[in-house]
């Protein structure tokens, strides 16, 4: 696999997209990171309860969701690549595909939530489910917010609002979307798999 | 002072400082009642002195916010205030309502006051910080609406800057969340749940927007750094404020009957609440270091920098001290809470008001800054007041730790009163620090009257 | 910071973040309010408890005491006083105030009728049965 | 951005994407098999860490930025996974 070597002149001073979104990304990473660690230490106190409740989760839908989000994240990379060449219509199509996959993620999640809520599980059932529902709902809302951002960027891209020289918003939207994917990449194994 | 109508801010600032003095006097009475229990009993029982102390605090801060708005909105919007006459009318209405309420607290037993003011029709009295009788609460809403109408019209017909927009957001938010003080269900848990929507979403939500806007305005004027940079940082700071502060309300929902998950949400998000205050301190020092002009008003610069630091210390550090659920389990309802309250209110909201007043007052009197000798006096008052609040907070923290150790830990816990007797020393020390604070406040007032050669109006 | 960080984006994050977290807060509020009846036993709120809360407010007890840890820190916590002292003690205490002991903290005499005394005790009894996640740490409150 | 540079940017990301899919499937299989214990936990957590580093480096483009930005994400990642490992180790005992 050709790992592309970075020539020193290509080093950017700041990450792609608007630096303000990166303040927001780091704040979100901090908040989610504290929740992940809180989950782990809360589990340390009642391992049996966590393992037993964890087994009731639908692991396949969690895995599919991971694949969906990673692919959606990849589509955003292709969208950024497209706009770097000035192909704003192609870029808009890639973003639309990413949003579609985001929609699939939400759908799978809603089915999962429906099963849990109809089984009478709520935030107050037990500590595991409190963490499971808080983390996944908190992430769920981030996916929605991400899709709103991408939709805004897509509409402007479709109208040809971006070009090879001016496409910071596309990179900003992409960076936020990658963060949403990155958080789920940790959330899935932590909550669904490891015990 | 570029616009005539900015002069309407002057009475607001004067009233603010006058009520501030009243608040401190009643604070000293209460401080003494902590050590000599029957001081001024039954004429002014502790609960009455407390109502006057806390209500004067909030009313004078509101006067300060309104004065600040009447001063900076015309300058930001680059147009005359919509109606200076309306501003003066609401000034007298608000002052009268405040004065009558305080007289009501002091002259009449609270039960009789409640009877006489329609509390049986709509019971909204008897809750901390919201003890005002119904007519006063309605008066506050009317004054707030007229005030907001006045400055919103000014902004609409003038230049819209981020600072005036953020200030309007904060002030409209303040008015909206005050409406929850009219909701008083007979279920205590629901009552407390939405009581915090007025109290917490004020001081850890919309008031921080007002604080940010005022500080940004003063920093632009003092440092001359261009508006784009300062407003950019303002948005990042208040974004972090609401991101952490809204769910941060959860740190009040640990022990009042609300579900257990609030202990996780409240702890995590309120633990992040010091971040915007830290950013505000870095922002303030950064702007002053990169200043493009030497503003003659050194005192206001000191106040602006002090606001950042003390807000971070009082609201941020001392808040974090007891915000995590396992810690709060022991510190809830102890003197630790009182310690945080003092330094947070002073560091964040008292100091930003004093920053605004010490910047705007000379302008309102036709000069860019007070004479150097007056400014030295003002700086003395800054250090006296700030250091005394630090000591009040330290003494109350020590009292709180000892109180928790004696009353809530170990096998043989003491009763409340027994524990209070053991920590009397700290209450004496706190009272002494209170008098130092009063001295600082007197110096602050004196500095406005001190003569000395004066710079021309910049 | 150079222009790599625009005010427009910072403003969008402010509005986006504020709305996002306020919606999340409303969702949590909805869930809390829906789940409260099981935790605060509101079925036990009799007329007497309601009148008791009214007396608690109109005598400004919050001006000296704390209830469930919130209020003034001058006098004892009353959220669990019913469990600590029992109803009769509370009524006797209120009737016998102020103590007049020199230098001690004084509680005013509210001249409550027997009915009002029963109401305030009912209110404090109901308050002591709220599920406060095992707060306060011990009976001293 | 000409064709060659395009491939130099997209091709690695495509490979990274396939690798991420593969790692996800392996995590899923481990989870489906219900394997437990420290070794498995460390393996799955390690996989997640690698995936995060890939996304941050290639998808987010941090490989093309100053070391500071990658350091922040890497530092955060090490802290979070480290604390999780500690929590799981203390739990097992």
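To keep things simple, chains are lettered A, B, C and D as they appear, and every chain counts its residues starting from 1.
What we mean here is this: contacts are C-beta pairs under 8 Å (C-beta built on N, C-alpha and C of every residue); 3 or more make two chains touch, one makes a residue touch a chain.
Predicted model, so just to flag it, every value in this text is computed and none were measured.
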Across all chain pairs, which one has the most C-beta contacts? B-C
Computed distance of Cα centres, chain D from chain A, in Å: 14
Between chain A and chain C, centroid-to-centroid distance (C-alpha), Å: 40
With chain centres defined as C-alpha means, what is the inter-centre distance between chain B and chain C in Å? 23
Where chain B touches two or more other chains at once, the residues are 232, 235-236, 239, 243, 259-261, 265
Show the residues in chain A shared as contacts by 2 or more other chains, in ascending order. 13-14, 20, 23-24, 30, 123-124
Quick check on chain C: which residues sit in contact with 2+ other chains? 1, 5-6, 10, 13, 17, 20, 24, 31, 35
Which word fits the touch map of the chains here: line, ring, star, complete or other? other
Which bits of chain B are touching chain A when the two form their complex? 232, 235-236, 239-240, 243, 259-261, 264-265, 268-269, 271-272, 275
Across the complex, what residues on chain C touch chain B? 1, 5-7, 10-11, 13-14, 17-18, 20-22, 24-25, 28-29, 31-33, 35-36, 39-40, 42, 45, 49-50, 53-54, 56-64, 66-77, 98, 100-106, 108, 110, 126-127, 130-133, 135-141
Along chain A, where are the residues that touch chain B in the complex? 20, 23-24, 27, 30-31, 34-35, 38, 42, 123-124, 130-131, 134
Touch list for chain B against partner chain C, complex: 30, 33-34, 36-38, 41-42, 45-48, 50-51, 109-111, 114-115, 119, 123, 125-128, 131, 162, 184, 186-190, 192-193, 228-229, 231-232, 235-236, 238-239, 242-243, 246-247, 249-250, 252-263, 265, 329-330, 332-335, 337-338, 407-409, 413-417, 419-420
In the complex with chain C, residue positions of chain A that touch it: 13-14, 18-21, 23-24, 122-124, 137-138, 141, 145, 148-149, 168, 172
